[in-house]
Amino acid sequence: MLILMESGATQDQVGEVLSLLEATGIRCQVNQTPEALSIVAPNASKALKPDRIEPMAGVRRVVPITSPYKLASADAAAGRTVVDVRGVGIGGPELAIVGGPCGVESREQLFAVARYIADAGGRLLRAGAYKPRTSPYAFQGLGLEGLSLLAAVRAEFDLGIVTEATEVETFDAVERCADMVQIGARNMQNFALLRRAGRCGKPVLLKRGPSATLEEWLYAAEYVLGEGNRNVVLCERGIRTWSDHARNTLDVSVVPAAKALTHLPVMVDPSHATGRRDLVIPCGLAGVAAGADGLLVETHCHPEKALSDGPQALLPSDYLRLVEQARALHRVIQAPTPAGLRL
Amino acid sequence: MLILMESGATQDQVGEVLSLLEATGIRCQVNQTPEALSIVAPNASKALKPDRIEPMAGVRRVVPITSPYKLASADAAAGRTVVDVRGVGIGGPELAIVGGPCGVESREQLFAVARYIADAGGRLLRAGAYKPRTSPYAFQGLGLEGLSLLAAVRAEFDLGIVTEATEVETFDAVERCADMVQIGARNMQNFALLRRAGRCGKPVLLKRGPSATLEEWLYAAEYVLGEGNRNVVLCERGIRTWSDHARNTLDVSVVPAAKALTHLPVMVDPSHATGRRDLVIPCGLAGVAAGADGLLVETHCHPEKALSDGPQALLPSDYLRLVEQARALHRVIQAPTPAGLRL
Amino acid sequence: MLILMESGATQDQVGEVLSLLEATGIRCQVNQTPEALSIVAPNASKALKPDRIEPMAGVRRVVPITSPYKLASADAAAGRTVVDVRGVGIGGPELAIVGGPCGVESREQLFAVARYIADAGGRLLRAGAYKPRTSPYAFQGLGLEGLSLLAAVRAEFDLGIVTEATEVETFDAVERCADMVQIGARNMQNFALLRRAGRCGKPVLLKRGPSATLEEWLYAAEYVLGEGNRNVVLCERGIRTWSDHARNTLDVSVVPAAKALTHLPVMVDPSHATGRRDLVIPCGLAGVAAGADGLLVETHCHPEKALSDGPQALLPSDYLRLVEQARALHRVIQAPTPAGLRL
Amino acid sequence: MLILMESGATQDQVGEVLSLLEATGIRCQVNQTPEALSIVAPNASKALKPDRIEPMAGVRRVVPITSPYKLASADAAAGRTVVDVRGVGIGGPELAIVGGPCGVESREQLFAVARYIADAGGRLLRAGAYKPRTSPYAFQGLGLEGLSLLAAVRAEFDLGIVTEATEVETFDAVERCADMVQIGARNMQNFALLRRAGRCGKPVLLKRGPSATLEEWLYAAEYVLGEGNRNVVLCERGIRTWSDHARNTLDVSVVPAAKALTHLPVMVDPSHATGRRDLVIPCGLAGVAAGADGLLVETHCHPEKALSDGPQALLPSDYLRLVEQARALHRVIQAPTPAGLRL
């Protein structure tokens, strides 16, 4: 259940509710936003009826959470969640765009892209120091050295860093360096990693698995949320189907479908979704038109030299065009519909 | 091969080229646009080398067609094809929006929707008189009576009619009534029907099959084009995947992928693609953002009473909102990118 | 509902039941097997309660048909259907194996395969005179000439002929020549063709569409059965998935799943299911182990010269091996389980 | 490259080859089977030409490994690998059948199933102490307590234990208890876990991911093999498709397709592949007919009380029937084809 407190509720009143929950053996989480304080207690309805809590002082309303994923459910929040990544709000009125190369390859490569993005006004950079690769013989990322380069870039260009954690063992190092920790598609049901991400102090970007249903994706978010980390952003990156003109099939309808079920922000990664440079811009724009809160895009100054995923990386000039068009589309989508329409 | 004639080429010069092709046993098609005349001769390169034709008087250039689908290939046309449906150009600068109910159910139902669309400035209406249905016990459409109602609507509201032909046997009647004949997804590889559509005097809307690759879809178009009907519009309507939050998965990336390979216009049907009213608008907008030339949308004044596909039909007010936003997005997409961008 | 008559019911008693149904406006079908006579009346329960019929003379029992596909439902028959194709019972105790080339290509090719099959004791031959092809430029079959060759083979080798009908227009000619008419995967929801097949005097082999659910497949059978042709055999031929080591994915579990829902026999086509010669035998055997009533297998004396589907055609020697092992497996599957098992 | 030594090669001769490889900076693995000794050196061909090694004393032949997965490749072994699990050879002439419940739930439940299996002559038991579950609120397994129960069962009934490791953190405990460590489908690309499994002293059962291609599966095996553990058994457990009559689609053709590419044994899990008790036996038999080296089957004395996956667990009596029929089929498949066949 979700317990919404009055805006003027006192700490004592909150304390009384928490004491009752504790006494009944119910685990819960407290969320304080500028507007209000709320308490989420997943799976509490069996042990405690709402009419036990609703009359308590300071309680505005008790809402049952009917979804099987409790903390991720739209019922479990008073409004949409905005995740702050180094000052950039994902899920708020602004479209968040995260650019950068697939992997950190060298100081030169990383700084060239970072300079470019920063000069253009970008504020978040993505790049992997740890790369999960299908083949053990493929480039696996620079590891700690890559993280150092990311830290250097962060200091030099004042960019927030989004980078992937691939295993519990190296999570601490990634967490220290990152402003947002990415959980990759293949790890969407790596539950140990999800739990670790839930104990992480940084926001988490949770990619949809290549064959995950929307429900499974929300359950994966629930693993993270359940450990106490409320800053989760979902990211659609294409699903595996028989359709063969692109590397994956961008499932654009999952954006509005997810937003109907969860309070969490949803981004789209058109680079992995398509694997083809010429499809990245139209598919990125499609994601925005469908209501995505942001885009995650691969860009590289010399895609032909990239150690991974070169064919899908945008050239800088194309990246600029995408950003421009995406922002313009986003304004149209967010505009209130005028009255007196004509076809 | 594609033979592009000079803009000032004479009829005699064209005739000489055609005579040579005929003498060599090559079938070809002549396309006359306001700008230029061209001759497409699929599979001709084996019998005749380009350097035999290029020196001929009036010939500007000979372009080999390297795709396996010849007439549908982007190589096979001097530019993008614009298909005219009762004065509405599909594939041109304007976004084409076709609204209407899934099936013709009654005079009242059809006229109510038509009046609504016409009042709002719409010019094309879709509705099926023949409905291919999974179960033989489901409503199969009103047939000839439905066609009469469509003819009446056309006369009353000056709307162009888009309606489906489901079999060769009843094609003549559909052709007489329709301004554009739809070939449904399940018939995308009904080759007899495709050939009949190719001999039809009206434009053809060719839906993608639920498990058709892009290549198979273009081959299906080739069957229509090969019989002489150049007015083919492709329409993506969702593919069948394991992703279960929507009826089908809208494959939005097929829009730019198709436009890279073919000169034919591409539309999107977000209603069948999703099967859920709340997803139709975001997915329709996604289609436009991805570069679609138009939308095919189900709308119904009383979806709860619809004999088929009610859950996906938009209410009139939502339809208006979609049209408004789609046109606004389309303007953004088509705008030339300004110089001096900032992120 | 299914009305089972007593084994000693008289013609008059049957007539009385039929009269009552007719008087109530109910369409029905009479099935006479050696054991008993039954009457199937789909969708009758609304108009007529079973307790109106059950007390009538000669009526043994009335069984409601709860499936949405009525005539195809296991409820709609007193036992499993055995379809007779020129003396070969499909669905009975013997495994039915149909071999032959993908398409009729020439007298030499066809007679070579036929001789081979006949010499080895085979009784049914498959080969297409009309070939539905993805590309209009691919070999489309020999048409009427192909049918003549099939008729000649039939006369010469005393083989039953299984051949495909691709359109209503040429159905009459195919029906005259064939002992069993095949409806191909791409035509599984070509409802005009299904209805025509339902009015055909020959048994029908109904392939599953490449993206058809089991339910859609049974509805397709219902279209055929509804026109009065009770001799329908289902054939699984692989479905379209993202799994890329074979042309399609043989959905072997659909065999027992279908047999749980319908009284119709189910065959498996491992050739189209895999598209790879080296997978045909293991997958054919898998089909038999899963309970298939027969196999449809492509075989060719010179696969490297085949005009279509050469890479999946078995060589004669492999065909023999498949037949031998399939029959041996089938005996194991059909054997009653002995008591006193030890692991 | 694969270096096959003469059967009479001396340790010194082997040593010389290893020294040369080492001097050239090439990592390699030595495999000693009763028949022969071989050395696999993945990715060695760039640094060292075969004709440098072939003339060396004791070397029989040098075979290039052309597959991208080196150690898993069929080229990389002198024959098929037989993995020994507590005296049961998987991949050898006997069909290996592993039965047991989905998860360890209690002493009573586990011992009841184990007694049953042991009494019937079974030698391997499967049951999970750690259960990866889609929802964090679902039963997650008994953990260490479950492992203790497995150890007790092992001692009591002399059964080899197959149990899943879900994370690096708890791997040591699982390794100590298990005779074979299972890597579950969702962890097929959990590379940290794969590497840990590669350093494990027990054989590994590697399930195919629900959307993994054959190539990705073999690469996953390569991660395990690359760390030095050569005892890897692959297990197909159904893939995720749109086909909805079963929980997953058993991809039976992957069995022969995998065996053509790798020397590793391949098993089939018909329980997870179907999720429906009535499909488990036919699909298990289909797996055997397709060439599987063994079956992994869920069985439970009281499936209706199972804490997970009850609907797919076989009853003891059905389990016995499956074992009996599977062994009989396996004998047919393995029998040499007699000469002089007749259809």
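Going by the order they are written in, the chains are A, B, C and D; count residues from 1 in each one.
In this text, a contact is a pair of C-beta atoms (placed from the backbone, for glycine too) under 8 Å apart; a residue touches a chain by one contact, two chains touch by 3 or more.
For clarity, every value in this text was computed on a predicted model and none was experimentally measured.
Listed here as common contacts of subunit B and subunit D: A, C. Farthest chain from subunit B (centres taken as the mean of C-alpha atoms): D. Of the two chain pairs shown, B-C and A-C, the one joined by more C-beta contacts is B-C. The geometric centre of subunit B is 36 Å away from that of subunit C, both derived from CA atoms.
For the pair subunit A and subunit C, the distance between C-alpha centroids works out to 51 Å. Residue positions 211, 215, 240-242 of subunit D each touch two or more of the other chains.
Of all the residues in subunit A, the ones that touch subunit B in their complex are 97, 117, 120-122, 211, 213-215, 239, 241-246, 249-257, 260, 273-274, 276, 278-279, 282-283, 285-291, 320-321, 323-325, 328-329, 332-333, 335, 337-338, 341-343.
Interface residues of subunit C, counted against subunit A in their complex, comprise 240-242.
Within the complex formed with subunit A, the subunit D residues making contact are 42-43, 68-70, 132-137, 166-169, 186-187, 189-192, 210-211, 215-216, 219, 222-223, 226, 240.
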